[in-house]
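Structures for review follow.
Two complexes, one shared chain (chain A), two partners (chain B, chain C).
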Partner chain A sequence: MLKMFAPAVGFSTVAINYVFEPKAKKQEVPSPMPITELIGKLPMVQGHSCPIRVLNRLTVVMSEASHFRPNASEYRPFDLLAVQPTTEKLFHAACMLCDVDIICILVTERLPFFFKRAPINGSIDRGVVFEVSYASALRDITMRRYTITNAVCLMESCKGKNVILSSAAEKALELRGPYDIVNLGLLFGLSDTDSKEAVTSTCRAVLLHAEARKTASGIVYTMKSQQEVLRDTADSEAPAAKRPKST
Partner chain B sequence: MCADLSRTPRNLLVCERSSFLDEKNRLSFQVEQLRFNYKVSLLLPECGSAPSHLESTLNSFSRFYLVKKLPIYELLDKDFLQNAVYQGSVYGLSFGTRIDEDNCVALMPNGRLVLSLDKDSYEMLGFEGRPSRFNHRTCSRFVVPVDLKERSMAPGSPGYRRLLRALSSHLKLQTDFLISHHPGGGAALKALLSRYDWSERRPEVCSRRLSDLVCPDLRSCDPHSLLEWLGAADADVSCQNSSSSFLSTLTCPEPTTTLAAALSASVSGLLLPQDVQRLVEQLRCHLQQEQTASWASVTVHGFADGPVSWGDEEHGVLTGGENFYNLLMFHDHTYRLHLATGPQDGCPP
Partner chain C sequence: MVRVKSRYLLCEINVSDRSNLLKLDDRAVAGAVRAAVARIHGDYGAALCSVRFCVKYLNAHTGTVFLRFPKGCYKLLWSALPFITSIESRGQIIPCFFNCLHVGGTMRTCQKFLIRYNTQQLHQMLPKCKNEEEKRQIREAILSCTLTGRNDETFEDELMSEEDGE
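Entry: the complex of A and B
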């Protein structure tokens, strides 16, 4: 139902988020359902002649450094990778080191730390964006206060650069149209043009960053071919060895 | 520090008071400059139904054509240029494309073709253009203006061949297209239309009668309140501001009078400035003939998603793409003209 609503409201690209919060040991990263199974035929975007683009995204909630494993193969099926750091140290690590596309800002509770310019500038240089989600603000009045406070703190440090606004919607009615989100960005301390960019060109930049992350330096892209897989299984016996020369 | 909510996106309102009898009045020039008109709304006081001459004027707005999936390189076709572009005025606009998201195309009556492209499309096209005036931090929008009547773009010249190659092989730009020709009508466009899926459209006319319309003093009212009241009347929004209703807190500016009846009519489609000019002339005649009519209001809206608004000025959409003008005419040949644009527009003429 949510996916039917998004194109009607005016979005041309949506990402389905899978949240992974590793609490127990050996907890497995969820694998995303293929888009074709989830939605049969992609609906057309309102006012356009092209269908909506649907991507898969993984958000790893980090409460310890070991929760995010860089270059893990379980992350490969996802188009976008996001982390949600919960402490200052993890936020610093996420900004400077983690190979991710999006850093989620806590909106459901008071921020346990202050944003410092250094890690924020570091992540801006790397092309990593900060995400503020608004659905929790729609559900609860206290969360609305936390969302606005945390977002305004972020904007003071990052000056409105590299920010995206997203819904984190679980129901169709928690989704809002793109121009409404641009107006919401004004409440968060963004200027009108920054707010427009947060919904348009910065999101495009994130998608390109995600594609480049899967390649070598953004130039070379490798893909396992079917033939190699078959040959590997055939050669699983002892490798060929030289026969010793008989003298 | 909290967000600065007192600042709103910029909008521009140019106000002019003049008279039709004044030789220096620039009304015809200003009407002609807004080339792509989407909707014309009329408000006539003390009028139950449209007088016959006005009704015939509204119904005689030029027809236009909607071509589905027109490849844009077809606009460079030699026969099309010879028969349509060089011989008269072609008005063409891409349909179903958003100026802040997609690639938009406009073909103007002076022979200028304007392409407003996103970054990827511009880089694929490989033809010279410039970044949009309204880019913020990143250059995400580019404008490619081409003068088809210039010698360097004559069919067969290197510039022409380069653009044709760019549009037919580098970037196969294809959009639904609204097109109209003045004065030839469909005849000049026949060759182009016959190759694609096209349909002829008539501008849609609708009218309704308003009763007990509260009206401000139109001569002395300030422009913003006047335009707000006109918008409320056109959109059928109540200006009562009753305590039990929270839908609208709009009020009619004081001092007010009440009109027993008024006519609100509108025409929408791809409307040509020449037809708007004719309508203005008819309304002037109507004001002279009818004793009861002391004023008439015409509001002309431009397309929100067009690449150009007034003249050759670039147009963009931030959260709204308004570009319109309102002409308030009085019985004594004087008028008030208000020209309005939004944040991503140049100044109206």
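Entry: the complex of A and C
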């Protein structure tokens, strides 16, 4: 149902989030359901002629440094990686060291630590973005206050750069249109241009960052090749004189 | 001081169950917006709402609504709209959300945008038609979408033409 509303409202890319909170030792990372199982045919985006793009995303809630293992093979099926640090040291480590795309800011309770300029500037240089989600603000009054408090604190330290606003929507009716979210950014302390960027260009930058993270130094992208099979059939069909060159 | 300026916000009300849309009326929508603004922005917001706010037009078949706000504070009042989760009308609570499509300085610009938007929706409905009769009706509706002196508009799903006076 959610997927039906998202393209109608105007979003061209949607990511399905799997939240992983390792409480017990050796808990397994959930594997994402293939997208074709969730919805059969992807609906068209309002105003464009291409279908909506659906990605998988993993959020690891970190309460200890060992919870997030860089370059783990279980993270491969996910397109986007996010981390939610709960203490100051973990926040510093996530900003400077962890190989992620997104750092989630807590919105459901008071932040136990203050933001410092140093790790935030470090993460801006690396291309990691901070994410504020607005769905809990729609549900409850106290959540709304915490969301606005935490978001305003973040904006003071990061001056509005590298921020994305996302909906952690669980039901279809918790989604909001892009112009409405841009306006919500004004409530969080962003300026007009920063707010619009938070919904458009910064999000695209995150997708590109995620793709680049999967490659080796941003140049080579490996995937299982089906080229061997194709070459055989092409050889058998083409006449002997016009054999295609092997790539 | 030449002219009092307002901003007209074109919003679409999305519901999960289309039959609930027909139960909406403009008073219920106005009440819901006022309540949301009072919740988010308190007394200041509630006071701003009584300046020049009203629901200018509501189309219950497609869920389109024109809201008018004063130009100086429309962004503040607009920022309260995403927090509307339901509208109460005739004793029933209808869960919904507002999706803002266009902001214009006059009713006429908003209307031109709405006609273009409805034409796009009709184009998108064309491949989903089940029989020739529906296809013919949609093609006729697309061709008759114009802004005339009496502000005619066409619906998306019922394909009836409706007249609306300002």
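Here, the second predicted complex is superposed on the first by the 223 of 247 C-alpha atoms of A that agree within 3 Å, B and C clash if a C-alpha of one lies under 4 Å from a C-alpha of the other, contacts with A are read in each partner's own complex, and residues count from 1 in each chain.
The working rule: a residue touches a chain if its C-beta (ideal position, glycine included) is under 8 Å from a C-beta of that chain, and two chains touch if they have at least 3 such contacts.
Everything numeric here is computed off the predicted structure, so don't read it as measured data.
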Fit-or-clash call for chain B and chain C when the two complexes are aligned on chain A: clash
First (chain B), second (chain C), both or neither touched by A:Val19: neither
Partner chain(s) touched by A:Ile124 [first = chain B, second = chain C, both, neither]: neither
Partner chain(s) touched by A:Leu111 [first = chain B, second = chain C, both, neither]: neither
Chain B versus chain C as contact partner of A:Leu55, first or second or both or neither: neither
Touched partner set for A:Ala212, first chain B, second chain C, both or neither: neither
Contacts of A:Arg204 with chain B and chain C, given as first, second, both or neither: first
First, second, both or neither for A:Met96, with chain B first and chain C second: neither
Partner chain(s) touched by A:Gly177 [first = chain B, second = chain C, both, neither]: second
Which of chain B and chain C A:Leu186 touches, first, second, both or neither: both
Of the stretches 2-10, 74-82 or 128-136 belonging to chain C, the one that collides with chain B: 2-10
Intersection of chain A interface sets (partners chain B, chain C): 47, 179, 183, 186-187
Residue ranges of chain A touching chain C (in the complex, touch as defined): 1, 5, 8-9, 44, 46-47, 134, 137-138, 141, 144, 172-177, 179-181, 183-184, 186-187
Interfacial residue positions of chain A with respect to chain B in the complex: 12, 47-49, 152, 155-156, 161, 179, 182-183, 186-190, 192-194, 196-197, 200-201, 204-205
Partner chain A, residues of chain B touching it in the complex: 1-5, 7, 9, 69, 96-98, 100-102, 136-138, 140, 176, 318-320, 343
Interfacial residue positions of chain C with respect to chain A in the complex: 14, 16, 39, 75, 78-79, 81-83, 85, 95-101, 103, 120, 124
